[in-house]
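The following blocks contain the structures, represented as structure tokens.
Here subunit A shows up in two complexes: once beside subunit B, once beside subunit C.
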Partner chain A sequence: MAELTVRYFAAAAEATGTEQETVELPEPALLGALQDLLVERYGDPMRRILRSGSFLVGGVVRRDRDHPVSGTVDVLPPFAGG
Partner chain B sequence: MADPSRYSRQLILPGFGEGGQAALERSRVLVIGAGGLGCHVLPQLAAMGVGTIGVVDDDLVEASNLHRQTLYTPADVGAPKAARAAARVRELNPEASVHVHLDRLSAANALELFDGYDLVIDGSDNFPTRYLVDDSAALSGIPSVWGAVHRYGGQAGVSWASRGPSYRDLFPQPPEPGTVPSCAEAGVLPSVCAVIGGLLVSETVKLVTGIGEPLLGRVVAYDARAGSVRELAYGRDPDAAPVTALIDYDEFCGPAPAPRETDASTMTPSADETPDEITPEALAAARADGEQVQLVDVREPWEAEIASLDGAVLIPLGQLPQRWQELDPSAPTVVMCHGGVRSAQGRDILRSLDFELVTSLAGGIDAWSRRVDASVPRY
Partner chain C sequence: MRADARPAVLAAIRSTPITVEEVAAFVGSPADGAVVTFAGVVRNHDGGRPVTALEYQAHPDAEQFLTEICARLAAESGLRVAATHRVGRLAIGEVALAAAVAAPHRAEAFAACAELVDRIKAEVPIWKRQRFAGGDSEWVGL
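Showing the complex of A and B:
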């Protein structure tokens, strides 16, 4: 199992009710598997965040579901209010 | 320089001094948006001696702005924001040269406008403008200090494509239309504008004077409810295409066709043909023709007290998954809210419950008031 630190910002923290958690994924740990797990766990609000927000793996934005994940993953939804 | 004592409390700051003050006075800073962020940024820039300040905004002051946009008074409602903001800021510091740009920032005017400035502060209120500002700053070679607010939280960072990661490296794709509500839809705590506005000014002063470490490649995220300030460090997006020219940002940011779950075995042909949205004009015409439309208002009761449409059934969005049985699943149904974001979610909920003909009122009751019936109050 791969152990990840997932940090949630803004609407992602609202959807999960936490700012950070540890998530275990079976090897090989891929971004798509993490996203599927989060949707399973947190439902529609997380599905919306997948459609709008950025997933940063080790501080680099990743869009490919087949990208490996390790270490820290940041989930950051954008917003545009001024 | 004006009365030297005016700036004495910043002149004595370590590392600031007359050199820092002179750099501020030489600097030319363009502020995009004279809204919740702009109203906190502009007076600070002027008061501390930034020499040239530009204000870009094509909006008028509305009553709903006054709780957070504290450059404006009730007497300013209906007046152009940029002009009123500039007038207030000139009073704060007559030494500042303040330029008003009442045109909407667009791909046609952005590069020429940016050419006259050393730095841009992005406090705009929509994604097309944010990508336009970031690309224009990249092409102009100047830094963009950006901030955004939403409900109880805010984000701020520095985007400078020639020196480090940019906004596009953090958010390569705009969010799908309808997935991120605006301030008008979601609300915003005024003090969050002050916190994020303050960060924008700090970053601007740092970049202009060379003091400290700019928020380049970092985002600060503030959450008022948690009382937390967190930092997220990021690098360049390895898959990003270089910015070589401005594009059509309205097209870039949608509206894209909403993805529909297509399951041929369960979907009726008529449901497949129902568009995702209906315009206020089309709904008004249908009602005028006597068509029986089930109108579902997914706003909160306090909103319906301010303004509502005849015949609408009020079921707040959060209660829709429990209370949908109060509705007729076979009737043509229009879901409405204030601006069209919650109603799109309500439409998707009802569609998932096998309502056959469901659409969402584009622009919500606000668009209805602006385009169909001005007697419906706006809020």
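Showing the complex of A and C:
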């Protein structure tokens, strides 16, 4: 199993009730599996966030389910600056 | 001709008030005949509902994203570029985003400033919660 630190911001922190947690994913750990786990764990609010949201992996915004994940991954709700 | 050795871009995220004058002053130079600025201002309605305030939150790396966007556009266009974004609780009429581009002529300054604002809105990890007159609130964009 791969151990990940997942950080939550804004609406994602509200949906989870936490700003950070550790999750385990089967190897090879992919973004899609993390996405599925989060939706399973946090339900519709998380589904809504991830529908147009993204992840920060290694300093780069990612959306592709096949992208490998390790270390720390940030859950980014849809951006709303400006 | 540019003889100055000032930094190429100004990009900042902060919780204190921001102004377009600041970004305009940064980009302006004697070689530029056009300075286009944009102020993103908190408005009092959204989707037909009265809004009383906005709260902005930024990812810890947001300023780095903003800097990269400004630097990339400056490199692509050869123009001077600046943008600041405010975070925290903002009242109606306060400036949330200030952007400026200077160019020798207006057409390229208008185009580059519009592109800058589009990229900032699409690519910088910043979130806002709007508070409605009824006391409830929601995250924008969900």
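Simple rule for what comes next: the second predicted complex is superposed on the first by the 78 of 82 C-alpha atoms of A that agree within 3 Å, B and C clash if a C-alpha of one lies under 4 Å from a C-alpha of the other, contacts with A are read in each partner's own complex, and residues count from 1 in each chain.
Note that in this section contacts are C-beta pairs under 8 Å (C-beta built on N, C-alpha and C of every residue); 3 or more make two chains touch, one makes a residue touch a chain.
Note that the structure is predicted; figures quoted are calculated from it, not measured.
Engineer: Just subunit B (first), just subunit C (second), both, or neither: which does A:18 touch?
Structural biologist: A:18: touches no partner chain.
Engineer: A:5 in the overlay: touching subunit B, subunit C, both, or neither? Say first, second, both or neither.
Structural biologist: neither
Engineer: In the overlay, work out which of subunit B or subunit C sits against more residues of subunit A.
Structural biologist: B
Engineer: Give one of first, second, both or neither to describe whether A:79 is in contact with subunit B, with subunit C, with both, or with none.
Structural biologist: Touch status of A:79: both partners.
Engineer: According to the stated criteria, A:63 is in contact with first (subunit B), second (subunit C), both, or neither; which is it?
Structural biologist: First partner only.
Engineer: Based on the A-chain superposition described above, do subunit B and subunit C contact any of the same residues on subunit A, and if so which?
Structural biologist: Looking at subunit A, the two contact sets intersect at 9-11, 48, 52, 56, 59, 61, 74, 76-82.
Engineer: Under the touch definition given earlier, write down the residues of subunit A that touch subunit C in their complex.
Structural biologist: 9-11, 14, 48-49, 52, 56, 59, 61, 74, 76-82
Engineer: Across the complex, what residues on subunit A touch subunit B?
Structural biologist: 7, 9-11, 13, 19, 48, 51-54, 56, 59-61, 63, 74, 76-82
Engineer: Along subunit B, where are the residues that touch subunit A in the complex?
Structural biologist: Touching subunit A: residues 33, 35-38, 122-127, 129-130, 147-150, 153, 155, 169-176, 179-180, 182-183, 186, 188, 219, 221, 223, 226, 228, 230, 232-239 of subunit B.
Engineer: In the complex of these two chains, what residues of subunit C are touching subunit A?
Structural biologist: Interface residues on the subunit C side: 40, 56-59, 61-62, 85, 96-97, 117, 120-129, 139-142.
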